[in-house]
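Read from first to last, the chains carry the letters A, B, C and D; within each, the first residue is number 1.
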Amino acid sequence: MISFENDYICGAHPKVMERLLEINLEPATGYGYDKYSISAKEKIKDAIGCPDAEICFLVGGTQTNQVVCDALLKSYEGVIAPTTGHVSVHEAGAIEHGGHKVIQLEANDGKINAGQLKSCLESFYEDETHEHMVFPGMVYITFPTESGSLYKKNELEDIYSVCKNYEIPLYIDGARLAYGLMSDECDVTMKELANLCDVFYIGGTKDGAMFGEAVVFRGVAMPKHFDAFIKQRGALLAKGKLLGIQFDTLFTDNLYFEIGRHANRLAKLMVDIFEEKGYKIAFDSPTNQQFVLVEDDKLKELEKKVAFSFWEKADSNHTVIRFVTSWSTTEEDVLSLRDIL
Amino acid sequence: MISFENDYICGAHPKVMERLLEINLEPATGYGYDKYSISAKEKIKDAIGCPDAEICFLVGGTQTNQVVCDALLKSYEGVIAPTTGHVSVHEAGAIEHGGHKVIQLEANDGKINAGQLKSCLESFYEDETHEHMVFPGMVYITFPTESGSLYKKNELEDIYSVCKNYEIPLYIDGARLAYGLMSDECDVTMKELANLCDVFYIGGTKDGAMFGEAVVFRGVAMPKHFDAFIKQRGALLAKGKLLGIQFDTLFTDNLYFEIGRHANRLAKLMVDIFEEKGYKIAFDSPTNQQFVLVEDDKLKELEKKVAFSFWEKADSNHTVIRFVTSWSTTEEDVLSLRDIL
Amino acid sequence: MISFENDYICGAHPKVMERLLEINLEPATGYGYDKYSISAKEKIKDAIGCPDAEICFLVGGTQTNQVVCDALLKSYEGVIAPTTGHVSVHEAGAIEHGGHKVIQLEANDGKINAGQLKSCLESFYEDETHEHMVFPGMVYITFPTESGSLYKKNELEDIYSVCKNYEIPLYIDGARLAYGLMSDECDVTMKELANLCDVFYIGGTKDGAMFGEAVVFRGVAMPKHFDAFIKQRGALLAKGKLLGIQFDTLFTDNLYFEIGRHANRLAKLMVDIFEEKGYKIAFDSPTNQQFVLVEDDKLKELEKKVAFSFWEKADSNHTVIRFVTSWSTTEEDVLSLRDIL
Amino acid sequence: MISFENDYICGAHPKVMERLLEINLEPATGYGYDKYSISAKEKIKDAIGCPDAEICFLVGGTQTNQVVCDALLKSYEGVIAPTTGHVSVHEAGAIEHGGHKVIQLEANDGKINAGQLKSCLESFYEDETHEHMVFPGMVYITFPTESGSLYKKNELEDIYSVCKNYEIPLYIDGARLAYGLMSDECDVTMKELANLCDVFYIGGTKDGAMFGEAVVFRGVAMPKHFDAFIKQRGALLAKGKLLGIQFDTLFTDNLYFEIGRHANRLAKLMVDIFEEKGYKIAFDSPTNQQFVLVEDDKLKELEKKVAFSFWEKADSNHTVIRFVTSWSTTEEDVLSLRDIL
């Protein structure tokens, strides 16, 4: 069955697989000290225009958020995040497992704004009892967000400016960064984004890699003995070269951006078909995730023919469902929706 | 200066001090195995009418909430609590330090209701991705609440009924239990309360003890090797007899209830004086905490003459301030407000 | 340069790579619910002869030990392990990060024995203050051990018998299980091993997989909501099918055992060459790791020609170095040592 | 029955009780910002001759060790401690609960020495895989030790010198500090001790207080927002003045030292009586704990007449038992041993 269930249904982009295969029998030292990892880091530093950035590779997104938040926060600090943020809802309490509170700000279309953030920080410090409260120690946002939306450049600037005033780092979860940066509605480049936050991660798992995320420390230094920190959390991949090879490939010949462009184009085509067939788009998304409102009877019918995912109940007999494109989606897959819908 | 700052400004009720002094030089075995601890537990079991309850004593309220939540929850579970609950805001992240999320429900006058709770639990289990979310593992409420309000008996019954349906324990934080139970507006007895939850704690620190809280396990068993669990959290008092002596005294000749009645009577007298002097009560409280709305200029004037605490900003030039009575407040203290206000 | 540095220098066994490539573009549901994961679990259950076993896949060894220990232990319990066990020395404190002590028993050739274990447990329970000590909650051993040695069947029986008497689970770390089971000196089959412990893991990372370990729960049930538990620790791989495909391949046509046999044969050949060239074997190992004693001058010379790893200083001018074979080692690699040594 | 069970069988020194009673009804601000806490800190700074030291008060010893170690260590670091150290054996895993390994060095008469320490640190840094091991982040010793012994001044100097070379803090657990400093065999003053470590705690619970320990940060600064850190661990006493009053009293008119002297004098008298009655002292102790070797039959007889504690089995029919004196022991108590033994 054709699947738009999510952007991690397949293995790796064929070019990534090809490289993994080529290098498969070449011995390499472990834990990220191999030449591919070193090369991948250089390519990423070029792509973001930050020669002084420090980079490490991890396996998955929740792991990355957990490791980064725990590394940036002091024990008594929490992370400010939108109510709909991945760390707030879909990591099974990974941040709390590290001992930290997720301080939730009401999200609007997946985003928070500088005003909310400022007011949260202000009222914290104004409260005379704040030594008995969780200190806001960093800010977490996603780009693009869980519902496919994007921060505008000036929105990021404003948020980052508040962070700087309060001297807390801004961390951007880029699980779907390729799809965000390549959106028609994106007004920020990768280089700009890198300079509008302190730490961010470049998603691999959902963006063409078999697995893997690249964490970039730019505005703050990578913590000392970070390998030990990662190892202690069971997150250090023995064959680090696997991560190096993948990111090296993704950042060769603009493959990463190509992947984003491809999926976004197909997402738009998909929206056209939905509208052509009289479906109602639940809310706009300029990236690779699209949300459609369907009657529950229709939903039952559709799920026999195509794979998608449940998003949320809209009312007693309507549901919002999600269709996702990725590097592995083909134009043929999308066009077949004409017959299926 | 006369102080209404909180209910833990003084040491211990004179009768408690007297007993501590009497027994001071009498050797006792440590860690709660002394005769006073055993006697105190028996008296509490009588007072709540639960011969099978299991009881342990801890030193303070945050410690108690942290130990109890961590003991009742599995690693991947969180505690449902009102947004204004002590565990949500004023424990510096103690629950998260134990690895658990506080799943916040919007509080109304310090309380949550059965409908909110049911809907939270329902939508959790309906969500197809709930294995990636924090499981709701218990419910936390306070009696009386942080803003002095009380749950009615039928409200507790409804909440407890939802808990039972979902097979999660209900835990009541009774930091100010004496003041709650002795309120004119309280329609639940201590015995009834004990049967309307699984675990609760009888506050000592704010209710006449020098320090100490008594945790009562009724609907669920006290966890195995609970001493080791407590010790591991740095919460096992070496001289356990100190806790035993205090609770034994509080539960002799109804002292605990006497203390509640005394403070509530003085709180009412205080409200009369506030109203007599033209002050606006910010919101009703039937217990020992009273909240008054004052202009900021007046506030500055008052704080030179009497101690109270900041509650919240009401608007740009008004503030809600809190006045608290306790076992240590005298009628004279309250009457002196006539001259001060 | 030819490398005997460890058994994770290369990618994956060619048959595993081939299958990953074949299935690369086939969409699958995430988190281990795909058909390959299901099939792999069935094949493993067949291989161990335990139809009721429950299996889950994780990414790496330290992660697996951390997840399993934390899942089997109560908060106040620790894991008994040999002083040389991976959890004792080489996981950067991953077990302690989960809140548990590693209770170390002096290892002899990488192993502990039933007598030591019994005496440790006996003296714990005899100690009147044991409620203030860390409860021994499980036993961890490795098969083969970090220094390449193997437990005999009767040794495992005796250890497991002590565990059963004290009602604590026995967990076997099988990071190099293929090499252990296929050793000439191994007198236990995989089926027998599965029945001589409660939980064990079948190593993939070092035994032919690109990455991945298969945890088998046999004597105790897999904990409830284990996915949430794993997710909360950042250890749930999104593309679970990758793990399924790999283990499915390893357990097809005895590939897993074939890999073990191959590496052990080459390890023996390597020992012959060492001895032929007059090197002193530091201590016997019947599996794929071999330990050689060299003068420090010789060491400096060798490391220009072949990759191996430092094991330990023997005295002021001798060092023990380690040479490891694996599925990726070729006979040619080993024979080339004749010229190099 | 007369009890030598431990040094926390009674409440508080009469002078401490007297002050608690005097100040009982005097309102004070909470959490350690009261005048008694401030005064106590000044007196302690005078007593140790460190005007720049920072001091905080906690309730109990295990809590103190847990808070201090967690505050001084980075996540991936552990604490080096003697095998017999309180943190190694009798805190139910409190250090591990904070995520840190206790790196044990074999104790000799309760002590470790600079040579052992240096060798442990050297071999850690020499090990090429140390990024996968627990970093030694601080050193913990007790003064006096759990078995009553004392470090000589030059031993402390040597240990501290190693710590300084490796830039890790030295922390001294002074649960029984009064008894240590006042021993005839002690060649270090309180002022000297304060300068021979970075952090130490002045025991109150066992040294005349009802409860409480004073943590002194001298060589390293008290961590920022330490109140929040303590609160998050459930360790912040609401009525902080109780701790202030007690330490203020103990450090008035040399009461703390007087208490130490008194108990040590009686301990010596006790030893004389043991020897006079033909008992064998198991090992020398110059402080308030004394260890006697008895036949098991004799033990059974003795425990009917006097309270003491089990220390360890010596052989199949002999046991070492412990007799402890304290501020609450009277000469009469000790002399009565003449009839009892």
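In the analysis below, a residue touches a chain if its C-beta (ideal position, glycine included) is under 8 Å from a C-beta of that chain, and two chains touch if they have at least 3 such contacts.
Just so you know, these numbers come straight off a predicted model, no measurement behind them.
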item: Contact-richer chain pair [B-C vs B-D]; value: B-D
item: Subunit A and subunit B, separation of their C-alpha mean positions in angstrom; value: 42
item: Distance from subunit D to subunit B - Cα centre to Cα centre, in angstrom; value: 33
item: Interchain centroid distance [CA atoms averaged], subunit B/subunit C, Å; value: 50
item: Residues of subunit A whose C-beta touches two or more other chains; value: 75-76, 91-93, 97, 131-133, 228-229, 231-232, 236
item: Chain-level touch network, classified as line, ring, star, complete or other; value: complete
item: Of all residues in subunit C, those that touch subunit B in their complex; value: 70, 74-76, 131-133, 135, 224-225, 227-229, 231-232
item: Residues of subunit A that touch subunit C when the two form their complex; value: 1-3, 5-6, 8-12, 14, 17, 20-21, 23-30, 59-67, 91-94, 97, 205-206, 210-211, 228-229, 231-239, 241-242, 307, 328
item: Residue numbers on subunit A that touch subunit B, as the complex places them; value: 75-76, 78, 89-93, 96-97, 99-102, 104, 126, 128-129, 131-134, 309-310, 313
